[in-house]
């Protein structure tokens, strides 16, 4: 685990050096089971930074969310680096950004945080109810110590950690300039059994499931916006010429939106699960992403976000690629 | 007005009895609750904290057809709701109900919006008083409360075995008379229990914001840097606005299917970059900072300046659902401090 | 671009009765006239005819049309025709869209009602796309005035001479040590019986001496890049281990080679023998020796006898150089002619003919070497000699078998090889000439004597007493211990099974695509037709062109043909290749990809996908911020559109096939006709 | 499914092989079912897999993509990219509950007019069995 003082000191050092224009990390939220992501620009703000099991958000998302404002005539753009604190899963987003040339390696300073898992707000609420005060939580080897509404409790990891953590294969950042804290041991694995189970269902059953889920969608695009991989200048979903998806919300457009979103993450999704976490309608968005993740791994032996030198999956091919379904 | 009670097991019968109306009520799907048209009374639930999507969607749907047309002709076929479509909306939380009084002002303003207004007129609103407010509820800071009645036609109180139904307006008579056997009469005792429930619920509301001075202060913070500490982590998604019972912005688009077309309007949000994007490519609100500022300022300054009322009812949805903890109470509090 | 309202003219072609017999053309016109943007809809018997095109031109002028839809045959057929029509009328040729209601409708559907409905939909889709077509600019690039010809058989030689005579540089690349190809192996040519060598060798000498021809024998094309007018090729000149300039061709080296007379000669089809240092045949051009690196003892084992290589010792010119390395040469050319020829069918694939076991069963090409005056027997018909040239016998009964490896589904060759009937007739005649007493029987399926003078020749051969039996032998086997062979056959004219004795059987082996055809395909990105030969751009109207601009075909690589046809095609390919070189300019693809810089996020997926390396990321100043966006090299882009499918934001789009042009087609076709 | 259901299928064919193969079927007067309507693209690599989704949404009951055989692409390698994309999109649609028979891909060369007919017959019969595409079709939904 990372010592928050070490983290803050490093942040102060980096911010004081003038080398970076902003640092992305987490700070305590105003209530509940989730921390707040934060972007700080000055060493004086570094004491707000935290890291514990409430730091569920992926800070890498905020690298690409930064707008590039027009530079007034006679001025130079601020090309200083961005510093970003990343957990293992978050770090894969940075790697994939590099693969896709979203920025170059020199543009980022990566503070790597070994992580034993973060908690799932929905699971926690089921156990402890609402938390009007910000919750403190520390993931340990044998469980999560959580302080809710003035009481400290320990629960098993399975009960409270996010699903992504329960199958985490990269507890330590895969890329880092400053590893903060000692590496933690990998304790989980991913057998995609959830996907395999769903695959067994008939087309009718699958569609019945998605029909209900997609009809809930309000098209707030939180899943798209939070995704570290969704950073097109103009998303085809909101494009008008041509209009791939209508803005109107109905089963047809919602379904197509979700297929488009999942498709655009084929071979790119780094499984931070932010899309599913942010969904206000509880749509199991990751079910689609994970299907593709599984297939990409099985069919093409490809895993995004682990090798910054890799070729993008769908911008490459192998003459021996599988030919199934092709007449 | 009248006092009635409905045994909980009789709620389905009660809904069934309302066959002259289209009945809308909250329906649970997994952990999400949303108003739906009730064809099968057993699907309706009155056991929920609040709906994920506020009932504004019943008057102002996510997507609605304004009119239809043929591409090759100049005639249009308007799709204004007819007078015949009488509705009962069951289980509206008082905060969401209060939102209608706010949004009514906008849709009845310079151009009365027939689509919204017709649905409002055709609807009987039956509230459901809160017994267990959520931890981010702050309705009391905005003049509301767990049993606020404006503009409900009737209100239900969950009194354990049964619901106490208090009718408020003449409009509610129509539906009480059709409810028939499912309703039993109630009296002072139930009324007293209801008052107690409302009082106890009100005490449970912990979050507050003193709104005095905010409408005046916000414009002075137009260029203030304090917005960026929120906007920097804003995702620019539509959760806060789509789920807000008072947000009412819409986009209008033409949708064409071969040679048939419709003009439709759908929810839009000032949090999207496209919202203010000009055809020229210029965007007067180029970053999330301007958009975050606009959302808060519109609710707490521009709207009250124009319509005399803050466009927020304290339902807490934008706080609960914001994935990055942009907490409107926190923002307003900070705005007072800076 | 001026944005004016679309005014579309729709023209439905009857194509005589090809379309009109099935499709209710009037109904389609009626339907089209009601579609959005359509101002005129007409039909005509032959839209591609002068009056048909004239109708379009007139409407463009009178009706101020700015888009044209022609519903007729495949756009692969007449798109260029109608583009020119538009151009003539002053309209940008890319304002044309075609609906394929012939090949993909009237010719494939019988029911008039169904075909008419489908035609309506196809016209609707074309109109939907036409509404969104854009004017495109046709650009030109300079052409490098040089041609690369691969293969120096008669096709390559003829094409090279024609182009060189026209005054353009030719690089003639031949894989073997000598030019000449298969024709050099032949004895006499049918039906005129000219001596093959006599007519070929002067041309071989000409290509070697022509000032405009750079002959690169024993060389292979390593790689090709670029596009019509501006190809770059890398040629590997294989090491001959003999200094090309020093070698005088005296041949003393070969005489002294320790392996002299021990290596089967490729040129003599294995019935003659050569040394490890060799020229393929005496009249080889260039007459320069080559060391076979797979056979030479010095090269394979590192030593040659006790005294070292004899060849080097005896060479006065000191031309032998065992240290020689392959040399890579880069050349720039404007056009390419592929004339890589053919392989003969390998008769071991038909084991029933006993070719592998019996030395007196031979291929037609082996027989050519046997009967040739320059061959290993000096033209004497003696079969079964050993390596030293001893033994053997003069055959008395000779059988010729037609269609070995041709017209034969069992070996995967359905096609007719076109030359076997006549070369077997010629060979029968040659035997009759040399061994008048020999009994000659020809077993045939059909005799195809279709060329100039062929039937007359066939007739003459038959009158010479050569017996033709209609039947395909089922088996050929040796009877007893001597060399007598039994040919089992059913005479299909009489239906009687028969057995013939023979002491020499000549198999009329067919022509096949070369075994290294895949390498050539990969190199030049050619397509194959079903028979495996290279696919021409059009079987009738573009028989020497390939799908790739600037690359042409000549000779048997495109399909079996005889010498006159090969020469004719070579001349055709030469003149086609001369067109861009003579005009000095060539139009580049107008339908290329274009980047919307404002939408590009610079991820470079398109760069990775582009097969022509036509896209690169370049710096762009976006309101003061320096970012990287994709940029398309217009001369390199071919408009395949793979980039567009890889691009997540749709920022890169192929002109005329943009998303916004395809989606409306989908929309129209998606709506079912009620 | 009732037998009188006539599926509406959109085919995306590459100009050089499959479209030419379809033309050859025509030139050879090979009769086949009229259900497949063809949109010509220059290369199967041009086919954005989202075209498939769009077609299913806009009323197609099935979608056919056809290109040159591997190794024969006129543009060298477009069909390899198409193949990769197609397989994944196929799997994704299957996961959403779209009958996998609706979406098919084939290699048809310019000389395979007969194969084109076979491909058409196969997808038409498959889609007939799968029935009308009514899952997320646009027009079916209430306007």
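Worth pointing out:
By letter and in written order, the chains are A, B, C and D; residue numbering begins at 1 in each of them.
Here is the rule we use: contacts are C-beta pairs under 8 Å (C-beta built on N, C-alpha and C of every residue); 3 or more make two chains touch, one makes a residue touch a chain.
The structure presented is a predicted model; accordingly, all values stated were derived computationally and were not measured.
Chain centre most remote from that of subunit D: B (centre = mean of CA atoms). Ranked by how close its mean Cα position lies to the mean of all protein Cα atoms, the top chain is D.
Compared on C-beta pairs in contact, A-D and A-C come out with A-D as the pair having more. Inter-chain spacing, taken between the CA centroids of subunit A and subunit D, is 36 Å.
Subunit A and subunit C have centres, each the mean of its CA atoms, that are 54 Å apart.
Taking the mean of the C-alpha atoms as each chain's centre, subunit B and subunit C sit 73 Å apart. Mean C-alpha positions place subunit B and subunit D at a centre distance of 46 Å. Of all residues in subunit A, those touching 2 or more other chains are 69-70, 236, 244, 250, 314-315, listed in ascending order. Contact with two or more other chains is made by residues 257 of subunit B. Of all residues in subunit C, those that touch two or more other chains are 598, 609, 646, 659, 663, 667, 671. On the side of subunit A, the complex with subunit D involves touching residues 198-199, 203-211, 214, 236, 244, 250-253, 255-256, 258-260, 262-263, 266-267, 287-288, 291-292, 295-296, 299-300, 313-315, 317-319, 321-327. Subunit A makes touch with subunit B in their complex at residues 22, 29-32, 34-39, 57, 61-62, 65, 67, 69-70, 122, 130-132, 212, 216, 218-222, 224-226, 238, 246-250, 274, 277-278, 280-282. Of all the residues in subunit C, the ones that touch subunit A in their complex are 598-606, 608-609, 617, 622-628, 646, 648-651, 658-660, 663-664.
Residue ranges on subunit D touching subunit C, taken from their complex, read 8, 10, 15-17, 19-20, 22-27, 29-32, 34, 37-43, 45-49, 51, 54-55, 57-60, 68, 71-78, 81-82, 85, 109-112, 139. If you check the complex, the residues on subunit C that touch subunit D are 74-77, 100, 102-105, 107-111, 114-115, 117-118, 121-122, 125, 518, 521-522, 525, 527-530, 535, 547-548, 591, 609, 611-612, 638-642, 644-646, 654, 657, 659, 662-663, 665-667, 669-672.
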